[in-house]
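Okay, got some structures for you below.
Next come two complexes, and both contain subunit A; in the first it sits with subunit B, in the second with subunit C.
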Partner chain A sequence: MMRNIHFLIAVALLAALPAIESPFIQSMALTCLMFAGLAVSWSMFSGPTRYLSLATSAFFGLGAYCTAWGLGKLPWPAVVMLGGCAAVVFAFAIGLITLRLRGAYFAVITYGLGELVKHSITHVEKTWFGTVGRVMTETPSSATVYWTVLAIAALAVWTYVAFGRSRYGHALRGIGMDEERAATLGVNPMRVKLIGFCLSAWFAGALGAAMAVRWTYIDPHTVFNPFIVFQTVLISMVGGPLTIGGPLIGALAFSLLSEFLRLSLPYLYMIILGVLLIVSVLYLPDGIAGYDWKRLWEKITRRKAPEEKP
Partner chain B sequence: MRAAQPPLPLPLPREGGGEKVGLELDVGDLRAGYGGLPVLHGISLIAPAGRITVLVGANGAGKTTLLKTLAGVMPPVSGSVRVDGEALSGDTPADRVRRGMALVPEGRHLFPDMSVRENLELGGYLATRAQREEMLDSVVGIFPRLGERLTQMAGTMSGGEQQMLAIGRALMSRPRLLLLDEPSLGLAPKMVDEMFAALRRINKAGTTLLLVEQNVFQALAVADFAYVLGHGEMIAEGAAWELRGNALIKRVYLGEAIAG
Partner chain C sequence: MNFYLFIDLVVAGLVTGGIYAVVALGLNLQYGLMRIMNIAHGEFLMLGAYFTYALVKVTGASPLWFIPPMMVALFLLGLLLHRLIFRLLAATSPNAEAMEARSLIVGFGLMFIAQNVAQLIWGGGMSGQPYLDAPVTFGEVTVAANRLLVLVVVAAASLALVLVLKKTLLGKAVRGMLQAPLGAMLVGIDTRTLHPACFGLGLALAGLAGGLLSMVYELTPAMGEPYTISALIVITLGGLGNIPGAIAGAILLGLAETFGMYFTSPSMKILISYGVLVGVLLLRPKGLFAR
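Our next item is the complex of A and B:
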């Protein structure tokens, strides 16, 4: 109950942010919320199952292209919904093929299929529409975009928690630990994995649809940018995908870090990201949020205690 | 041994009242193996409804393969598996759970990073929320120790407690036929006694048990019928009390079990 109230207060405070008329803060908050939404939705599926999905960029890009095609023809909420649904359809199709695979194979194939979509769209745009990119007019106000992204991110957080508590969430974790065992308990692993994968895809697609208007001009290389999925995976892994705090902390830290470092030290920024990922994989396999900080604190204080005595 | 046990709080039978609970398992000439390497060379056995049937045999005799095939996680090469006369060919593991079959796997295979409650809830995956709650109470009634540890991570419990959780998790689907793969493996003698007592109570409520064991003496003591499996073939079968006195079994298998 208390958690619900905290969540609602946080959303309400964030919703009031456009009142501060600072484009810098608004744009930073928007990036932060986008990555929070992406990381939370990624963790929803990849956290419990330990399937390293690299399809996020494809979902995001498909959503963005739905906006490019639908903006002006459809009302704004419908455009965003359409973006999410396009990603779900794609996730369902590739899920049927790839969710039988495990480990590195799954990661490579999801990445490859994402690239396939990117190049297919490039081809279709060139041959049928005679264009390499699209300019978006009639874009909604930046406050509308911000509230849309906030709503999607908040919905992702709520879904993450509710799904994790449901029997599907339990089943997904069971599959991650031992798929055959889960099957003997009556779980249909393929069905549960597909549900989780499609659910996670909807958020990435919807975020892509909402964020597309920020660029005003999009082409496949900007919206299917692999950097989107790498950053999402990084945030989730460093933060820890198994608790809701993980991807949220990760998204906040990375957005701040990238905002300050990318401008001043562009190369050092990428190096730091790489080092952080290595450190977190080696020493924090469950991320910052999954680490037993209390125990570390006790260890440190216990070790220091005898030194102070004499 | 004969001390009055409290009545088993399992809400079985499922529908109606007077209907029989346990399913009869009938395996006919079952052949199975891994990638062309045959492990079971035509196994036939019957686990009569409402009884405890035990399958003993040395390591590598094919006991686990048999249970995996029965649970539907491994496809058989040929042969039939029937419960109450209905063939199971083509049934997925989930279909078999729906029919009332449940497996307690060897080595327990819990979900170590999930709590006791979550493990149990996953066992009742196909049931409705209300049924799950009801069965959770029943399982805690059988294994009170699990009730005290509902929020503990399954992986941090002792071996005996984990085995109880594995059995409890299988009970969550309200099985009418329970398959158990070496439930006494690696347990302290006191826990083994406790576990066999629990199995007897579960059976008293009507559930058919097929118990695969290496702990031959205790298994034969609780069972009604027994089969002896050796290198993928049945080498002896009969009433459990008969096999206890069988000289061949004693020499070949029980002797091995004691030595090893």
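Our next item is the complex of A and C:
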């Protein structure tokens, strides 16, 4: 109950943010919320199952293209819903065939499919519509975009917790530990994985749809950028995908880091990201939130204790 | 389509395929032996190309002189990376799947580092150092000399590797590790020495391909990525750990790309590559030559 109240207070405070009329803070908060939403939705499926999905960019880009197509024809909430649903349809289609593969194969094929979609859209736009990108007019106000992204991110957090507690969450964790054992215990792995994969895709697609209007001009290379999925995976892995705190801490830390480094020293920023990625995989396999800090603290204090004696 | 055009396309396909073979052999050793899904493999090709180019620019000598020392440097870099990262990764991964997934993330990290270091040192795109680009004619067929040289060198390198693996005791040890990692350790094969050596060898082979490419194509910090994808396609086509299969797969892919591009358009190249990758993974995830 206390947790629910904390969560509602946090959402209410963030919702009041546009009242501070600072474009800088608002844009930073927007990026932070976007990555928090993406990381939470990624962790929803890939955290417990340990299936490394690299399809987030594809979901995001599909959502963004739904906005490019539907804006002005449909009301704003319907556009965002549509973006999420397009991602779900895509996730369902590729999930049916790719969720049978495991380990690096799954990661490589989800990445490959994302790139295939990106290059197909580039090709179709160039040959059929004679265009490289699309310009969006009649964009909603920046406060509306902010509240939409906040709502999706908050919904993602709520879903992460509720889904994790449900039968499906337990089944997904069972699959992550030992898929064959989960299957013999009566879990239908394919069905459970598909549900988890599609659910996580909806949020990425909806976020893509909501964020697309921020650019006003989109092309496949911006919205299907593999960087989106790399950053999402990085945030989740460094933060720790197994608890809700992990992706949130990660998103906050990386938004601040990128805000200060990315514009002034873009190459150095990427090098730092690379080093952090390697270090976190090597030393923090369950992320910052999943690390046993208490034990480390005890270890340090215990090691110091004998030195104090003469 | 006339006969000479056909020969032209076959030669171009073989050159591309040969480069793919050299890159894929290294990746195949890394993946087959250590379950390292090194997505940064193409980045070492890029480093090899830039090293060669930089040395040629400073000294003005032929790039062929610099390829062997550059390969040694990359081999040593491989030993270092294995010692710093992959040994620990292998020791702390509970199973092969975890190793694959974690090494993939490490690979992305290495990719970010390598590409942006190259960007900082050498800047964005720059033209390569055309070397030996005089045409050589055989009757009606004309081929640039450097492409012919690339073809000869990659064929020799692939052949040498296959011979070492087939004929020597060292090669037998490596094949043993490919077939049964645990069994190899039980019969006394020194995996602690051979694993880093094979990882370094993979980097050196990627560097060889890069050094050769620097004579033919333009250099960019992102030039390695398509080769990583191609190498992944090749080892999936050929079957993991299957060295002759990888060579056959590489030549097949090189020819398919060259002919596919000729009959459609150059912008389709990447679409064809990813299409082949996805198709192969879905239809024959164990490789074309799996029994």
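FYI, the second predicted complex is superposed on the first by the 307 of 310 C-alpha atoms of A that agree within 3 Å, B and C clash if a C-alpha of one lies under 4 Å from a C-alpha of the other, contacts with A are read in each partner's own complex, and residues count from 1 in each chain.
In this text, a residue touches a chain if its C-beta (ideal position, glycine included) is under 8 Å from a C-beta of that chain, and two chains touch if they have at least 3 such contacts.
On a predicted model such as this, the values are computed, not experimentally measured, just so you know.
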Return first, second, both or neither, reflecting whether A:123 touches subunit B, subunit C, both chains, or no partner chain. second
Classify the contacts of A:188 with the two partner chains as first (subunit B alone), second (subunit C alone), both, or neither. first
Taking the superposition on A as described, I'd like to know which of subunit B and subunit C A:216 touches: first, second, both or neither. neither
Which superposed partner A:4 touches (first subunit B, second subunit C, both, neither): neither
If we overlay the two complexes on their shared chain A, which of subunit B and subunit C does A:273 touch? Say first, second, both or neither. second
A:178 in the overlay: touching subunit B, subunit C, both, or neither? Say first, second, both or neither. first
Most subunit A residues touched (candidates subunit B, subunit C): C
Can you pull the subunit A residues that subunit B and subunit C both touch? none
Flag every residue of subunit A that touches subunit C in the complex, lowest number first. 50, 52, 97-98, 101-105, 107-109, 112-113, 115-116, 119-120, 123, 126, 230, 233, 237, 267-268, 270-271, 273-278, 281-282, 285
What residues of subunit A sit close enough to touch subunit B in their complex? 167, 170-171, 173-174, 177-178, 180-188
Give the list of subunit B residues in touch with subunit A in this complex. 71-73, 92-94, 97-98, 102-103, 105, 109, 111-114, 118, 121-123, 125-126, 169-170, 173
Of subunit C, residues touching subunit A in the complex: 37, 85, 88-89, 92, 96-98, 100-106, 108-113, 115-117, 119-120, 229, 232, 267-268, 270-271, 274-275, 277-278, 281-282, 285
